[in-house]
């Protein structure tokens, strides 16, 4: 809204030559990315929005307008509610842990410790390991006869092995752990790259004032990294709310046991590529998810108190 | 000027039509397909399957002078739907029996003539799997796989039992399995070796669940998992599960029956013939025998899984497509099934191949005529997913079969309704 | 006294770090070790990294399985390299404009870009397929490169990076007589090396591991990428051939490790030259 008011003011204002040059540069720099994204993503998104208001058979190319029926159904469907609840829980647990741990590890690896290079490289490796290998390893570790159960039994915490993967109380938690563990390196690397530009003088000044490591972390490192945290939170929110692969592999596509690993993306896939021509409903779920992502990322920006993204 | 242009156009059209006509008429099929290229959509298989298919292709190319190009699908469900929508599907493609009802609703397959394709030669229940309710034939079965019972004879001997001790009726398993389990626990330690493994996929249990007139779906293809008939059969399965000697591979910490059996962690499993080659190759030291599936309620039964060849409705080379299918499901079938480790979908090929000489394959094949082909309308994938979602709660004792299946029905039917 | 406390703290820190490093390193090593084991041992749930039955069999199998293997490798490498180079320029330019330059419509463009990545990919597969088909790009390498030539995530990342970028450096350059374009290409881009290297590694990995797009768009086997080609090995029925999957995964991962090691040294080079390095 303020934007449109500004526009009125802008049209009356005559740009200086310098400003015009800046505009030209900006538009020139943005042209390739705007062209590519609008053709290859923008058009598809518009199509998806269109689909959500229709009963669609893409094979026969029939589109019957049905207004808000898909949305109405999605809001009243109990399975959809479960999927959104799971997805939201997943995101609310994973995002803060992921971000915080990535920050801490980056700060530690940026401090004066020995073997920096070794730790950096090792901690980055999970990102490189293939996802099928990762999932398999996790499934082994958490299987009834796996090492996690082995350790717990030895410690006397449990008597018999727990079937984590088939137990609705645990399955989503296992996926959470796997997600956190495998994505931290990505964010840590980003933070580290950004930290390279933090002037050492800031730490030195703080040290003279008698600040310890923890104080330095909260008063220098964290504020300095805020803009990148904005990005990390955004990607993390999108990544977790759109989580698909791991839930798919773990539950063999069913979202079970008892819908405990049913995520919205998994549901979208099932509708879009199922045997019922339900592309319209899949599109509706996709848009609802996009709106949820938007809301969550707005909230996260408020929490992060960084300069506004929007 | 305009007139001249339209006249030229008419002449050109007439000429081209005439030339087309002279080209096509009077030519035999052999001449028509020579030098043409056919694309065939398949999904990937192991070495042996790939080699077998390549051999069939080579033979066909040598015989006809046509060329076959393969399009290997890695995730056929996603890819072929994109191909259908974009109109870019291959001329001929594999159709899984369970997916056939869905494809049949999409108008993507060309109707085939029973006489021309010689459909009488195929096992009639497999042919039915590729025929719609209106009697239209859209695909020809290229092979079939059938479930059978695998028994680890070494372990059996170790605990002092013989193959003949294994009951032939599933009902008797309820008492036999716990006895076997007790012996296994005494010999190997508790929880080391499981008496029998099973699979929670409806694809493996349909033949049991639909016994005695029960049905998983009603006339509108809505889910009826909680109907009395299904529940009765499911309750029987739970009797087996509750013995504690009948487990899923996941409960043992492994991926599928073949892995459990191959690593000697179970004595009995029910698997398809695909596991045979796998056991020989990856677990050569395991000694086993293969017997018929146990009877249930006094009747023999098993599941079969068939795959067919269909012609794309927008195929460019229809004549060649039909020739290929006739060859691959006819003269070429023996080469294919022998290499790929599956069973022929027609009796004459089975006889000619002397399947009888391999006791394992013989046992699998012997059940093909009464085995239930895995297929159930267009909604079965939704129902299957809902079933697998809730059966776990029954196994863990959190819900009764009726409670769980009611939930599964609600979920499946909501999903079906949402799609409407 | 204080010195001692610090030492205890430090050693604790190292213990934690080493533990974390082992926990992350282990699955990676296990993947490599499993690629040398027979299927039976992997399936047995053996978590150890060594076995007496290790051999190159799985690799021999994979390399012998298809004569197209080198071709797939080259395809993947070319697509990833070309795609990464284009991406670096496109994304960095866009991120720079969205943070450092002022122009009408800036916020709107940014908001639109953000909105585009919020729609989950599963539902975009078919529309994207139709677009690629309409543009006549099916079965062409361009279908894998051009639609991915801009990465919205990286654009936002670059924007967030340039927010903190020291302005005085740019101002000094402009006093030296460099124009706005020269400033960007000769000063900003070189100085943003750490983040650009990070971006490059991630983008390269994205291209390298991309599976869905080649699966849908590429029809000819000779044009497959490595990830797609390796998938054609898996059989439908007889369970997962973990030993072959692990060998394939190891083969796939090696080039990325090399790329990572090449770019790794840039990760630690900052813009500021006054800090200890």
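We call the chains A, B and C, going by the order they appear; numbering starts again at 1 in every chain.
As a working rule, contacts are C-beta pairs under 8 Å (C-beta built on N, C-alpha and C of every residue); 3 or more make two chains touch, one makes a residue touch a chain.
Quick caveat, the model's predicted, so the values are computed rather than measured.
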Computing the C-alpha centre of each chain, which chain sits at the greatest distance from subunit A?
B
A-C versus B-C: which interface comes out with more C-beta contact pairs?
A-C
Go ahead and note the Å separation of the Cα centroids belonging to subunit B and subunit C.
38
List the centre-to-centre spacing of subunit A and subunit C in whole Å, with centres computed as mean CA coordinates.
16
Touching two or more other chains - residue numbers and ranges from subunit A
58, 140, 143, 145-146, 273
Taking each residue of subunit B in turn, which ones touch at least two of the other chains?
78, 81, 85, 253-254
Shared-contact residues (touching 2 or more other chains) in subunit C:
45, 125-126
Under the definition above, what is the set of subunit C residues touching subunit B in their complex?
38-40, 43-45, 61, 65, 125-126, 129-130, 133, 138, 215-216, 219, 221, 228, 231-241
Complex interface listing, subunit B residues touching subunit A
77-78, 81, 84-85, 99, 101-102, 106-108, 248, 250-254, 378-382, 385, 388-390, 392-393, 396, 410-411, 414-420
Residue numbers of subunit A touching subunit B in their complex, please.
55, 58-60, 70, 73-74, 77-79, 140, 143-146, 161, 163, 165-168, 252-259, 262, 270-271, 273-278, 281
Inside the complex, what are the residues of subunit C that reach subunit A?
10, 13-14, 17, 20-21, 23-25, 27-28, 30-31, 34, 45, 47, 90-91, 93-94, 96-98, 101-104, 106-128, 131, 146-147, 149-150, 152-153, 155-157, 159-161, 163-166, 180-181, 184, 194-195, 197-198, 202, 205, 209, 242, 245-246, 249, 252-253, 256-257, 260-261, 264, 267-272, 274-276
Can you check the complex and tell me which residues of subunit A touch subunit C?
3, 7, 10, 19, 21-23, 25-27, 29-30, 32-34, 36-37, 39-45, 47-48, 58, 105, 108, 112-113, 116-130, 132-134, 136-137, 140-141, 143, 145-147, 181, 185-186, 189-190, 192-194, 196-201, 224, 227-228, 230-231, 234-235, 238, 242, 244, 264-265, 268-269, 272-273, 279, 282-283, 285-287, 289-290, 293-294, 297, 307, 309-310
